[in-house]
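Please read through the structure below; I'll follow up with questions.
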Amino acid sequence: MKIFHGVLRSGNFGTTRLEAFSDGVFAIVITLLILEVRMPSLHALAAPGADLSAELWKSLLELGPKILSYILSFAYVSIYWVNHHQLFHIIQRSDRGLFWCNSLFLMLLAFIPFPTALLGEYSHEYVAVIFYGVAMMLTAMSFLLMKWYAVDIGRLVKPHIEADILRKSVLKVWAGPVLYMLAIAVSFMSTTAAIMIYWIIPVIYFFPTKLEHDEAEAKR
Amino acid sequence: MKIFHGVLRSGNFGTTRLEAFSDGVFAIVITLLILEVRMPSLHALAAPGADLSAELWKSLLELGPKILSYILSFAYVSIYWVNHHQLFHIIQRSDRGLFWCNSLFLMLLAFIPFPTALLGEYSHEYVAVIFYGVAMMLTAMSFLLMKWYAVDIGRLVKPHIEADILRKSVLKVWAGPVLYMLAIAVSFMSTTAAIMIYWIIPVIYFFPTKLEHDEAEAKR
Amino acid sequence: MKIFHGVLRSGNFGTTRLEAFSDGVFAIVITLLILEVRMPSLHALAAPGADLSAELWKSLLELGPKILSYILSFAYVSIYWVNHHQLFHIIQRSDRGLFWCNSLFLMLLAFIPFPTALLGEYSHEYVAVIFYGVAMMLTAMSFLLMKWYAVDIGRLVKPHIEADILRKSVLKVWAGPVLYMLAIAVSFMSTTAAIMIYWIIPVIYFFPTKLEHDEAEAKR
Amino acid sequence: MKIFHGVLRSGNFGTTRLEAFSDGVFAIVITLLILEVRMPSLHALAAPGADLSAELWKSLLELGPKILSYILSFAYVSIYWVNHHQLFHIIQRSDRGLFWCNSLFLMLLAFIPFPTALLGEYSHEYVAVIFYGVAMMLTAMSFLLMKWYAVDIGRLVKPHIEADILRKSVLKVWAGPVLYMLAIAVSFMSTTAAIMIYWIIPVIYFFPTKLEHDEAEAKR
């Protein structure tokens, strides 16, 4: 118990550098996601010497499914950024435990470009669809872990935030993992249905929680 | 209407992290733009074993058109950075709506290295020239959307900014999309003429708006 | 002596930009570490045309050892970030000397993705295992140098920090280099044993020093 | 004259975001510099299947000249960072002109990894040696331009900084371009001699100017 305290609860800083560091990782991940789109097509173009205009059109049209899978991942990363932002808005101080939770989350976030590229290239293969779902589920669960640590274990949030509203906010996070598991199960039958579930998830998180809504109301 | 309010208008933060995150994306995009220039030439150099000095000169000279297209995109990204900076200078608070507008803009900004590379390699192909124009037009329109949201929908700007001057500033943003459409139409006849229009656009945005000018005067 | 003073001790700034710059490098290094995992597998997949699902599973399973070596390096970089954060928490001002120490540390930190990739691909080759150990030892020693400069040479730390506790903290840093040297010696006999030592090191640094613990206690 | 004023002198901001943006570019450039070292060797290793340990040693030893050229460029970029930091330490506000100067400087800074890679691979080719010198000279001159703009044109520096000391600082900047030109001239005869001049330049800039020294003295 004392060791646990020493490892996680020591350190007592503001959250400025933790946020700046996370923003750096977010910015790089989001930029690398989109950059991936172009590489295969440019390599393909280098090979043939025939009708260049027609080849270019064809290559650009073939990017379609890839661009879709990148927009999807971009939506996920953007929503994580908003939620990360809002979580740290109510966190008033940080300790080692929060840092390790954040690090685990960033490690999984930084991994997203790989399953995204795989889904973009093999969207009809259930292996790629499941891999995407597992990666996204782990990321969602690491974010949930960080939220849970900050609120219930570390008691790092501002005291005036009502525990009741926070619990609702924590509950919402579970919607993600459950839907990911559903999508993984569905992907054995239909990869298209699974991908549709992946598109529904960011739509759910697009809507703010009651806590966020009330805060906005209170401040007008 | 209530849902619209909940989705967009909730959240009430300062703009510090939004700016830091955007700066991160800007910095990465601008660095990756230039980095692209070198890759093809270095690969080409690895193959032959003949007169190395002559080969090196030739490879460096062949970079010419590519460097031009990167300077062009660098100018665009730089100008967006200044305008982004100036927009957030008059914005006093942020909400979810502003974040989504900013995210859409960053998604398109992060895409710029791809059309830039395409234009650098196929500057005489109308497909590449049109693709560049469409990508740039979408980026410009997403910036316009953010400006319009911040000023007219979100009312996030400082109250002392005169609506009248702001409208002029919004008008100026339209010059971009119109010129992009002109360039796209022209590119079917002459890719050189279209590229010349692309070079004119950053020159226009290089000049500050009346609002910016007046602010500078007021502060001397 | 005067030259030494001019080169190292001149300049007298806050540490804000030094921290922001370091955070940028940390964020990029940590993102690039994970990104490396996917490249080889995607290239391998492009070649065959046989049973795609089976090929995908095989490729993903083969990533296993690589993912392990990246988690290891991620742990190292994360721990450096925490320690860097905590060091600058007690540093109250910076000079040129601190900057050069920090630069040397960042140069070695930025190098980490290379030995990590090498270890992931050749984990049974003692050459790769030694190379990883040497790179990690140099990084640890450059961090030690910075800590020593800040505390003993530059006297840049806050005066109320007790020298005695600081010395303990400096001592702890030595545990790293010694264990790296042990691992390097061991790797000639068993690469597995050497890699196990590499996994023990982050565990040691996971636990906070007495200084950090006392500070946390004092602030409750 | 009025147009000149409108284009350059309008805008009146703090320098916070300009510094953050520049730090982002610096961090990315410095990380990418080092990352380049590993690529060729890893590709080379994939081909042969013979004595792996011996191949690995050979590949790592062959990296030697490349690592040298990266340390050189790392020193340059680090010194630019310190000087950029110190310049913005005495600048109290920014305008559009300063931004454009800074942008031009960053554009050339972001280009550095390309000539560095070229010098690392073809250190005995005068073409690569000259190309490195020209790129470095242009970067140095763009930094000089920014310094000159901030001090003499924009009058953006703090008023208590003595003009006389500043001029000395501006003079020092010229040492770089002159030495680059000398190195370029020398490289036709001896590439080794030219590279030695490239190593002397960062040593000169390693020493702080009188202004920096006096400031440090004043603050003790």
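Lettered A, B, C and D in written order, each chain numbered from 1.
Quick note on the criterion: a residue touches a chain if its C-beta (ideal position, glycine included) is under 8 Å from a C-beta of that chain, and two chains touch if they have at least 3 such contacts.
The model shown is predicted, which means the values in this text are computed figures rather than measured ones.
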*What's the rotation, in steps of 5°, that superposes subunit B's Cα atoms on subunit D?*
90
_Same or different residue numbers at the subunit C/subunit D copy interface, by half rule_ = different
_I'd like to verify one number: the distance from the centre of subunit C to the centre of subunit D, where each centre is the average of its C-alpha atoms, in whole angstrom._
26
*With chain centres taken as the means of their Cα atoms, state the distance from subunit A to subunit D in Å.*
36
*Where does subunit A touch two or more other chains at once, residue-wise?*
20, 23-24, 27-28
*subunit A residues touching subunit C - in the complex, by the definition given at the top*: 3, 6-7, 9-13, 17, 20-21, 23-25, 27-29, 32, 95-96, 99-100, 103, 106-107, 110-111, 113-114, 117-118, 121-122, 125-128, 131
*So in the complex, which bits of subunit B are touching subunit D?*
19-20, 23-24, 26-28, 30-31, 33-35, 37-38, 42, 45, 52-53, 56-57, 60, 71, 74, 78, 81-82, 85-86, 89, 206-208, 212-213, 215-216, 219
